[in-house]
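Several structures are given next for inspection.
Here chain A shows up in two complexes: once beside chain B, once beside chain C.
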Partner chain A sequence: MTMVKLPAATAPARPAATSRTRRGRADRKPRILIAVTALFFALLYLPIAVVALYSFNSKKSLTVFGGFSLRWYRAFAHDDVIIASLGTSLRISLVATAGSVVLGVALALGLVRCRTRLGSLAGLVMLVPLITPEIVTGVASMLLFKGLGIALSTGTVMLAEITFSISYVTVILRSRVAALNPEVEEAAMDLGATRWQAVRLVTLPALLPAVLASAVLIFALVFDDFVLAYFTTGVDPQPLSVRIYSAIRFGVQPTINAVGTLMLAGSIALIALALFIPRLFGRRGGLDILSGE
Partner chain B sequence: MDATTPAVRLDGVSKQFGDSYAVHHLDLDIDAGHFFSLLGPSGCGKTTSLRMIGGFTDPTEGSVVLSGEDVTGRPPNRRNVNTVFQSYALFDHLSVTDNVGFGLKRKGVAKAEIRQRVGEMLELVQLDGLADRRPRTLSGGQRQRVALARALVNRPAVLLLDEPLAALDLKLRRQMQVELKQIQREVGITFVFVTHDQDEALTMSDRIAVMNEGRIEQCGTPEDIYEHPASRFVASFMGTSNLMSGTYRDGEVALEQGPALPVGTRSGISDGTAVSVSVRPEKIWLSDFEPGMSKLRGQLRETVYSGPTTTYLIELAPGVTLSVLEQNTDRARMEDRWSGGETVEFGWRPEHCLVLA
Partner chain C sequence: MALLRHSSRTRKDTSGNRMWVWLMLPGTLWMTGFLIASLALVAVLAVGTTDELGNPRFGFDLSGVRALADPAYTEVLARSLGYALLTCAICLLIAYPVAYTIALHGGRYKNALIAAIVVPFFANYLVRMYGWSVVLSDDGPVLRALRAIGLADSNTKILNTGVGVVAGLVYGFVVFMIIPLYAALERLDVSLVEAGRDLYGGPFRTFFFVTLPATRQGAAAGLVLVFLPAMGDFVSAQLMGGPDQIMIGNLIQDKFFQGQNWPLGSALTMLLMLVLLVGMFGYLRRTRKDEAEVRR
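Then we have the complex of A and B:
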């Protein structure tokens, strides 16, 4: 009897012990994952950090840091050509954002509500610019303007940027529009609104967070854009990205570091704004900038 | 508009989607000041009919006449009707006050008057404390009241309600049924109420139209519809009806299997006609029979106690089981009198037996 009982009494102790060690092993953070993650962020941000650091370099060198100075920011502030290019870029970004948001929202509304075969075809064709290599888009745009006899200028950059930003806006807005309750617009019409008033008073306010998020994204994308701008710009103050590229061909000036750092700061501010937008509308949780949700 | 002009008239109205009819040649008059229900299972065309009155869907045939005026093809914003939507469809970016005032603002009513009318309406629906809240922060019942107030404040000739109580839990729904009826009496506006819930329609309506497959099966008072259903569909849709099939001959209906049921002489039904017979569960007696009642026997199969009432399932013949409802008064309950499987006697007045040709 006792012989039989003994193993039964000791048996539970052993699995308990092994399970404790197993849990202990699982609790330990896998160092390899931490290392890989750290490496990823280092490779991603170190070059940018170097640019930011050297923008404060007191020396002209791009390899030796000679102490903190705002010398290159002052140089930037006195560089009329770069300042003019910055102005051009801001103007292009603002106009392209406004234009593509208005058209993109309209397209999203149309695509969701038009349930014909032609409508779904349009929905597919709309996605093509997203996967077309930008260089193809750029060359095609340039050839189009030349073929139509339109002189390349800031205006042609704006037109090209609007055209190819519409898809982004539409992609972001489409799911939001589809998620809207169609009865809400009907309710507005039921209460005396015309179709247009219903869209303006009820639908657009409901879409506003996604509209603002897509506007921020488009502004950042257009401001950054080089390829399309390069092919469609004229000689009037060129967009900043094109100007920087041209400047680098004649040797890299540390001023570029200062410009880059300012652009980075601007982008961070925009992203912060995009994340802050949903709070303005009393929503909990963050806003996914790509889905507008 | 004189007193006899119906608030709503549907004149030969059809709605076709492709080859199928959602609504098929509907003729319907709804009197002003009535609480009118469109009742039917899902897909019967009741919501489509409502949407055609509201102007959200255009009929493919026929005309919609509101207070004597043909409004067919006119958009919703140019019809003197308002709608309470099933989803409530509140404007989430506006406060309760602005939601309710939306229609008045669109009509260009003066601000002071808007404030006053919105205030009165919020009081009527008992929301006066929540005027500044956003709809998102309200409970289902409160949202429902906002939707009602938002429509009623415009004083429409007709208020359309598309299953407005469907999303509420049972207790709240019961409470809102009574309240809606009271509000309707108070404001005197014609209500057209769409529902699939026969209890709801019976409780609230002055008149009910029972719809099936795009057509009206029967239109009448709740009592008419319940006590004298005009078709098998209406009889079976309005509660438990104990439908049985048989052949009519000489004041009796011979079931396919089982006994002949005495139903009284029916003029208008000739001998040998295949008919359906229906006796409501509460019209069948299990004791204290009166002279002139038809008495039958069957096997007690099941006893279902549900608080105020008990339902007995009695097998009259193979495959024919009747539901019998008894109030649980202090009379002896049947399960104390009989045990399952026993043969019991039951009876009904022949006039309570519906014969549907």
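Then we have the complex of A and C:
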């Protein structure tokens, strides 16, 4: 590509030249990069596709496809143990979502608005779960419950999941709170609202899309979580992830393909919904929900 | 003026500040009570003992900590570090071209493409890993394709080898590299790249002297985000590896579930935390230095 070198004196001509070269560069698609990206997408979706495909297999094999059948879905529907686990997982996710959203939204509001030393300390505490690997959180939670003499159960999983999820809610909500104009709250107060009324009637409604999106995301994350549940669950009925873990450790069970397919479909739908919720409210949706940026 | 308004509101502001503190308190107390206290408990138990029934007893006994020096454990720690660092490097090599292609050549499909990567990654980790182990199995599509083009023979295996474990870790966590890299590349000022080309830099020189330095912070963030979960993972080694490929996460799991040696398990957990804190510290020093350079 030959480039016209522009002397400084012809500066006004520069924007045109830049836009032309940019289009020229974009037109010349780099084939190798596109091939690498395509291969990446293929490998990313292959495992998911394999699980989904073989969940419809009429044979009990993971390499030979015998024909289309719903027998593993039927087996799943008649498996009382797995259905009980599904119920446990749904209960855990609901409670953990409710608890962590309430605590996390309040924490986010306080963190952004409060300019005291306690505020910066709380900001540090909030970061700890994000930089601690799950196995450490799992071990620590288990030891705490055992140390306090609390028997491990569905309830202990709920408590541990709330602890872990507060940080996610706070990270997602914090940037939203910071983006709000505090003068709107002040205007409400000038019009006679108390500060609490201003938060309840002005700030919280403005945060609603982000709160809903984070709730849906947390529900999916908790439902799918394995490590923390594994360390803090009691004997019966265990959460679905823990059940799947013991099943895939001890050989292939095609029922797991059916359960796995349903779980993948469910959480993909929920996460896509979380990305889409802000758009329903006419706001920019998208990945900033996940990254908290 | 801002000062004036502030002083006229002082009374209201302090009462408001108190309300923010009250809002912050439940969440912070909850996290301190459950998380900080439980992490402290791990540290305490690492120097504790167990009674005849295997229940943990508090005390000061260094046998758990001393056992860490056992070559059997240092070997596992070294292997975990090696796997995690290799995973980081491979993730960077894979994620960079993918993020680059989507950010600079994705056009109007950019957001859809990145969502198509991120969404399945937040779906169930176990089911994805299980599917990946089927794909990499001896009769799986990857080995069959490699055999067809002559890159593997009938004896080549991926499962039950170190390659399998690292492949599992990469598949599990590569998205944590893609997100920050994509964010950095999307922010990249294209006119900088064009300036490099205008100054007769070839595509490679422009990439290495303009694009790469501009996205260094994104890459550093991605390395930390991959290193943290990869170092603590135990599922990949279990599903993809054999007994010779266990990682520190497997040891910890074993000490708490099968071995019932809680002090040793706690000591191993603290050791893992220590390694990760060293990594985090290095990252923070690095970014602080970068920021200082930018300011200058």
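Heads up, the rule we're going with is that the second predicted complex is superposed on the first by the 255 of 293 C-alpha atoms of A that agree within 3 Å, B and C clash if a C-alpha of one lies under 4 Å from a C-alpha of the other, contacts with A are read in each partner's own complex, and residues count from 1 in each chain.
Note that a contact is a pair of C-beta atoms (placed from the backbone, for glycine too) under 8 Å apart; a residue touches a chain by one contact, two chains touch by 3 or more.
Given the structure is predicted, the values throughout are model-derived calculations rather than measurements.
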Name the contact category of A:106: first (chain B only), second (chain C only), both, or neither.
-> second
Check whether A:189 is in contact with chain B, with chain C, with both or with neither, and answer first, second, both or neither.
-> both
Which one hits more chain A residues, chain B or chain C?
-> C
Does the superposition put A:197 against chain B (first), chain C (second), both, or neither?
-> first
Thinking of the overlay built on chain A, is A:206 touched by chain B (first), by chain C (second), by both, or by neither?
-> first
Once the structures are superposed on A, label A:62 by its partner contacts, choosing first (chain B), second (chain C), both or neither.
-> second
May I ask you to decide whether A:81 touches chain B, chain C, both, or neither, giving the answer as first, second, both or neither?
-> neither
Quick one: classify A:181 as touching chain B (first), chain C (second), both or neither.
-> first
Going through chain A, the residues touched by chain B and also by chain C turn out to be 189, 195
In the complex, the residues of chain A that touch chain C are 1, 3, 5-6, 18, 21-22, 25-26, 29-30, 33-34, 36-37, 40-41, 43-51, 54, 62-63, 103-104, 106-107, 109-111, 113-116, 118-119, 121-122, 125-126, 128-129, 131-137, 139-144, 146-147, 159-160, 162-163, 166-167, 170, 189, 195-196, 199, 217, 220-221, 224, 226, 231, 241, 244-245, 248-249, 256, 260, 263-264, 267-268, 271-272, 275, 286-287, 290-291, 293
Per the touch rule above, chain B residues touching chain A in the complex are 54, 56, 75-77, 81-83, 85-87, 89-93, 102-103, 106-107, 134, 150-151, 154
Chain B partner, complex, touching residues on chain A are 181, 183-184, 186-195, 197, 201-202, 205-206, 208, 281-282
Mind pulling up the chain C residues that touch chain A in the complex?
-> 12, 15-17, 19-28, 30-32, 34-39, 41-42, 45, 56, 94, 97-98, 100-102, 104-105, 107, 111, 114-120, 122-132, 134-135, 137, 139-142, 171, 179, 183, 190-191, 194, 197-198, 200, 228-229, 231-235, 238-239, 249, 252-253, 256, 262, 265-266, 269, 272-273, 276, 280
